[in-house]
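As structure tokens, here come the structures.
Next, two complexes with chain A in common: one pairs it with chain B, the other with chain C.
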Partner chain A sequence: MKRIGLVLVMMLLAVSAASAQQVRIGGHGGTDTVILEEMIELFIRPALEGTGITVQYEPIADDFQRYIVNALSAGTAPDLFYLDSFWAGSVMRSGTVEPLNAYLEKSTVLRGEDIVRSLLDAFTIDGQIYGIPKDFNTLAVFYNKDLFDYAGVEYPSNDDNWDTFYEKLAAVAAIDPDIYGLALPPEYARFGALAHAAGFTPFDENGATDLFDPAFVDAFRWYTEMGLEGVGVMPADISQGWGGGALASEQVAAALEGAWILGSLRDEAPNMQYGATLLPKHPQTGQRGNIIYTVAWGMNANSPHKDAAFRVLELLTSEEVQQWILERGLAIPSRVALADNPYFTQDNVEAQSNYTVFLGASDGNVLPFSFGVYGGDWMQPIDQALSAVLSKQVGWEEALREAQTRLDAVMQR
Partner chain B sequence: MRNLSLRRAGEKLAPYVLLAPFLFTLIIFFGYAFVRVVYFSFTNYDLFQQPQWVGLKNYVDIFRDMDFARAMKNSLTFMAVVTTAQTLFALLLALFLNQKVRGMKFFRAAYYMPSVASSVVVTLIFIWFFQRRGVLNFLISKFNEYRNVIVLFLFAAAVLQLLQVGWEKMRKRPVTLMEPAFLFLSLLVSFMLMFAGVRLGFIPTRDVAPADIIWFNTIKTWPSFLGPLSFSVPLGAIMMFNIWTTSPTFMLLYLAGLQDIPRELYEAAAMDGAERWHVFRYIIVPQLKPITFLVVTMGLIGTLQMFDQVAILGAQAPRQSIITLAYYIYTNIFPSSSSPRVGMASAAAIFLALLTFVIVAAQRKVLGSEGDGGHV
Partner chain C sequence: MAGMYRLRARRWTNVAAIYGFLLLLSIVFMGPFVFAFLSSLKDNPTEWPPSLLVNQLKPSNWAAAFNLAKQGGGNGFTGGFGPHGEIYFEATYWTAQGQEPAPPEVVVARRVQGGAALALRVEHYAADYTEVRDVHQVDQEPHEGGLLTTYGFTLVNTSDLHFDTVPMDLTVPMRQQFVSGTLTPNRIERLGRAQSWDNVSSGLFPYVLANYARVFRENYSVSTGKKLFGLWIRNSFFLAATRVLTTLIFASMAGYVLARLKFWGKGAIFGLLLFSMMVPQQVTFISNYLVLRDGIFGLSRLFGVPTLLNTYGGLIISGLVGASSVFIMKQFFERLPASLEESARIDGASTYTVFFRIMLPLAKPPLGALTILTFQGVWNEFFWPLVVITSPQDKYPLTLGLLTLQRTYGAASFDWGPILAGTFISALPVLILFVVFQQYFVEGISFSGNKE
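Let's look at the complex of A and B:
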């Protein structure tokens, strides 16, 4: 008897769920959970009133990429989920992410043209759009004003090139052996922006990568020599996990990070006076470089109610929602219409930092943080070369030769 | 009659019924999974498209992969060093803890702690321990700074001990070289002398630069005279830690084994005038042979499958320095932002299973199995 009752209850639940059309949303855990829940409460639920669509946020605390690959393959993925440009390539090619072109054509509130082109391109393969970017980030120089004041050096500014920037950092580093100018994580994810400024692109017209490209070598040596001269330091060497941690420790005067640093500075160094400025220009090319990080909403191709899911997607990427996210200092909107934003003129350091990060996307040689089918495997040899040189184990030439060999092996696989 | 045969049939069936729940999970989660992995190892499966038969391609590919060769070398080195060290260390610990000393229960619990704590938590502590400005480098710096003092301390203690023992011997009293009461006094006096010496400036401490050993973020290998046989420094750090966390479990096995050795054997040995070393060599080691077989087998299997400590260390050390076979399999199923290579991962998993099997079988040949070791 009990069992029959249970089956009945489950059937009832299934029926009510079908008629209510519950749309499941998958995203990161941690702070995202709080933000998404609040956003859903404020904007999504009221707008969906009477449509019979309900929304459920499913935070994933673990490695999100691994989760979504598993869930998509097993058919248990949520209806809408985060797609990070860094790993989206292989997921979009798997056939389990719904192309959105047809929905966008029908929609009255969300069209392809509404979204910043370069962001949308990161989720487009052969004209098929697989994700609607929700926001983006770029790198900027975040610096500790107190340390520059103490050293009597001018703050980094938008006029700096690599040489003047280096001089300023060296002057700060001269205060004390335990104080450094710049955090130098041994990662292409940060260093790459400088390589781009020098004119490097990850893949040439034949799809090959040449680490002995003069532009790459130039950036590589500038970055590593800063570490060898004691002007910069790897965060791990001062027991920090990343540039933001190093900056918050006040042992390092500057770090190249995105707007994601703001939240952690608020928590870890609430009394620190800091500022943000654009990355320095390369002295010869006169250009800046940068990397764009962007996350989109993707739709599950096997979702039982795609139209309801798209309705929710429209709301998630609406102007009000993006403005709300921006004003809370969380991320930069992906909608073209929000570029001229009164928020950016506000006179506080977080608004100004966000504006700097926003400007970084359109100044100089800016490339998305994604490496085609190779993904993170492409960066790894370079990261190891940076680490080996910065920890004084090998010279730059030997490190790059080894990295090139390893990279060729990755690309032949 | 009929009733009886039915009962007999029931009795015969009973064990299988009782085994069924376990067999069920075994068949589903190991048997079926194993068959699937064997099948996948001959296909190009990527979790999304239908798997296509590619024959032995995956097996050829893994042997061409530089990372696989490194993983293989790291795993084998790790296995050899850790299994040897943890077995010896566990035996020593057990011998020590088998003595009748006051507060032994505390020591037993204390030594077992590293094995009880969660492997993930312990690994996080471990990362902190091996930081460039972490505890280990601090201890090494301190050791370098006070090296003279430590040597002098030991020397002074030895001299004091010899003086005391000599004095007693001259008076024809029966004392051993390590007489505990004298030893305590020697160490205490020596320590006081050193403390005073350093404080008053008679004994200079060395002024050395703090140790700056990079434990993780390095591709350096050690020891250098072994050439290609040497292992990377980060792997060495993992070895040290793994030995520390796994030895106590094996110590427990040895301790149980030691308490099983019949008292008569010791008594007989004492009657024959056997020294400590002889007791160890001719009674304890042979009596513990079945335990040693178990410890070594479990050690070999455990070390060949070592994964968690490498995975948590992750990006802190260059992949080539720490990759093991189990981690290689994992990185192929969940590569950073490219398509899963289930075929290659499965081929590597089958290879690891075969390798484990062969090594354990070889070990069985060398050490002899459980049955024929034991009782003299």
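Let's look at the complex of A and C:
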């Protein structure tokens, strides 16, 4: 009996030693799988030859946030995984994500300064860096040139402020009752960029949120009045799910979206003559606003081989890999050095749109799409207020009062 | 006489009411299926208001899709644009009086459906090797206060390559209206100026079942190069078949033992069995997960497997047999007359002989019912595989595959066609199973008193 036990223990040891150097990477399923597997095949595997490190991508088809929180708790999380600024706040504070400062200091190829500052900030708490941003997106105005031509109006441009932008949109909307100027999704995820332009920040120095901040009210009224005047429309009202769908349907002339719209336009409206320009400036502040959406690579604090994982992380965010990603129009890279990439000056609309989105990250009041520990719960009351006003259920004041009450409840939890 | 007539009339009104009610029910239940199928054929499945006139179901388009592919040197049914193939295409436009009709600008587009990532592996585009030749006016006639003008042109494949898809766009000046083309365009854009086709050499089947073809064609694994959708269907069949097999074996044996043999603790075991049926899955799945993670308390390490997570072994072992299946079999065996068994015992048969030679052959009806119920259960099982199986995608059962489709098409580009097609395919086996084995389904339900 004793001998059997001994054999058992020895077998256990042998097995755990054999699987020592496999680095598991967890990310989204779907399109990301194809990109990541191709990337690993082309860059990561060749670079790791002879080191004994192997890499495996584990696509998660389900909701990724739910998966990673569960997997980190169960101890089955991959060694490296996506960390979205939107929900990273609570995960980073849980102690299950490895701080990377020590690794960055030792590294010869990856330092904090290599990455765009505002992106890195989204993953930094008290000086500790928990994630290396892999790419990002911001919002831009995507517009349908045909509709502007038809109305005989100038295209939106980088010189526009809210007033001139509104005038152009109103002129397009005047063509036909079924045609609108701007898609107005009732979401902070879009509207927030305008609030930022007016000078609003989600949290003041005391960590509180004031929806009656004049800047917020200004943006809120501009956005909702556009809908009430018939210049803009909620995508749902023209049976579309989002701004990109509304733009593709040719019923709206412009939409505030990120570079993710490109792939869908390619499929849904391949012949659309569209352009992209920076968001309009606020007439008084003279500033633009924007929201940064970014995803980083985080490391599992309980990973059995962290050094190998960091080696892979270095490769995943290397200049070579990011350039490949950029040149295929898949995403906008996070490395400072790639700002001057010749790709951005190419004479095609996708490259130029990507460049506009890239510029959006550093022009005006730009804040990451993240609301600390509150996560998406913080936005919900505002989204409901936008929806209620745009669908003419209540006036703006009442809607904001209601939203403020709900928001306070969320923040006291 | 009059009374009898009245009686008969009342009987007929009753019959009519019942039939009417059944008809209504079948419309209510079948309606969504028919609607989903029609939508899965459309270019824009979410079009609103939905129309029942689907381009893909027009015979004229069938003939055109077949002919175009045939001309292009491909197979008329499966499509393709072969080496040096030529496709002749016509399009008709209407112009109001005073506007000079202009020939369309023809472009073979350099695009791939399904997002940028899917384009990574495309080596050759038809756009780079196709020449548009001889755009000419074929016909012109007055029509409704204007002119109807038909233009014809030829697409020529100048290479030795074979292309699966030839996307094409025609653009005309503003206010020149498109009336018809050899094949109905997949979409009209730019306020009517641009007509766009996803594939003019698709062939008959990929034209009619475009979204279905996309599901099979566009989803492949980069690491193994295999097409995923077929693989997912195979995986689901494999898992379902295995589970059916283990369920049949273990449920019938356990059911027989509990029904017929006498031994100490039988009541307790049966009680535990019943108890396990009462505990909802949500309560046990975390502990089950941890058991699989540690390889059933380290047992699996004896076979060199450190964990049963992400393995079929884990899925199969955790689902060898369900308590309800044992219960169904026990109920059945209890109802069989004891004399059958006793006579065999007198002839000197052992318990095994009795079970395999006498009881099992009699148990065909409940085994049939179990087969169907189990197959259907595993085929549709989503939550547990989602928890256990993570990567690679080649391992997914179909239910997880559908979730992947949603990520690939839904989240990235709101492209619902392939998702709808995928779900429809996944519904087919159970639908067929139900139609073929209706009788067993009913029996299965009457055996168990509930369905699964």
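Everything below uses one rule, namely that the second predicted complex is superposed on the first by the 393 of 413 C-alpha atoms of A that agree within 3 Å, B and C clash if a C-alpha of one lies under 4 Å from a C-alpha of the other, contacts with A are read in each partner's own complex, and residues count from 1 in each chain.
Basically, contacts are C-beta pairs under 8 Å (C-beta built on N, C-alpha and C of every residue); 3 or more make two chains touch, one makes a residue touch a chain.
None of the values given here were measured: they were computed from a predicted structure.
**Q** Do chain B and chain C fit side by side on chain A in the superposed arrangement, or is it a clash?
**A** clash
**Q** When the two structures are overlaid on chain A, which partner does A:Ser239 contact: first (chain B), second (chain C), both, or neither?
**A** both
**Q** Which holds for A:Asp363: it touches chain B only (first), chain C only (second), both, or neither?
**A** Touch partners of A:Asp363: none, neither chain B nor chain C.
**Q** Which partner does A:Ala409 reach: the first (chain B), the second (chain C), both, or neither?
**A** First partner only, chain B.
**Q** Output check: A:Gln380 vs chain B and chain C. Expected answer is one of first, second, both, neither. What do you get?
**A** first
**Q** Which chain, chain B or chain C, ends up touching more residues of chain A in the combined arrangement?
**A** C
**Q** Who does A:Gly95 touch here: chain B (first), chain C (second), both, or neither?
**A** first
**Q** Touching A:Asp213 in the superposition: chain B (first), chain C (second), both, neither?
**A** Neither partner.
**Q** If you stack the two complexes on chain A, which partner ends up touching A:Thr76: first (chain B), second (chain C), both, or neither?
**A** Touch status of A:Thr76: second partner only.
**Q** Quick one: from 38-46, 272-280, 290-298 or 434-442, give me the piece of chain C that collides with chain B in the overlay.
**A** 272-280
**Q** Common interface residues of chain A with chain B and chain C?
**A** 239
**Q** Can you check the complex and tell me which residues of chain C touch chain A?
**A** 46, 48, 109, 111, 113-118, 120-121, 167, 169, 171, 174, 187, 189-191, 193-194, 196, 221-223, 289-290, 293, 298, 301-302, 304, 306, 309, 386, 390-393, 396, 400, 403-409, 411-415
**Q** Quick check: in the complex, which residue numbers of chain A touch chain B?
**A** Listed in rising order, the residues of chain A that touch chain B are 63, 65-66, 69-70, 72-73, 86-87, 89-90, 93-96, 186, 234, 236-239, 370-371, 373-377, 380, 384, 387-388, 391, 393, 406, 409, 413.
**Q** Which residues of chain A touch chain C once you look at their complex with the stated criterion?
**A** The contact residues of chain A facing chain C are 8, 11-12, 15-16, 19, 28-35, 37-38, 41, 56-62, 74-76, 146-147, 150, 239, 241-242, 244-245, 250, 260, 262-264, 266-273, 328-330.
**Q** Per the contact definition, I'd like the list of chain B residues that touch chain A in the complex.
**A** 46-49, 65-66, 131-134, 214, 216-220, 316, 318-320, 334-340
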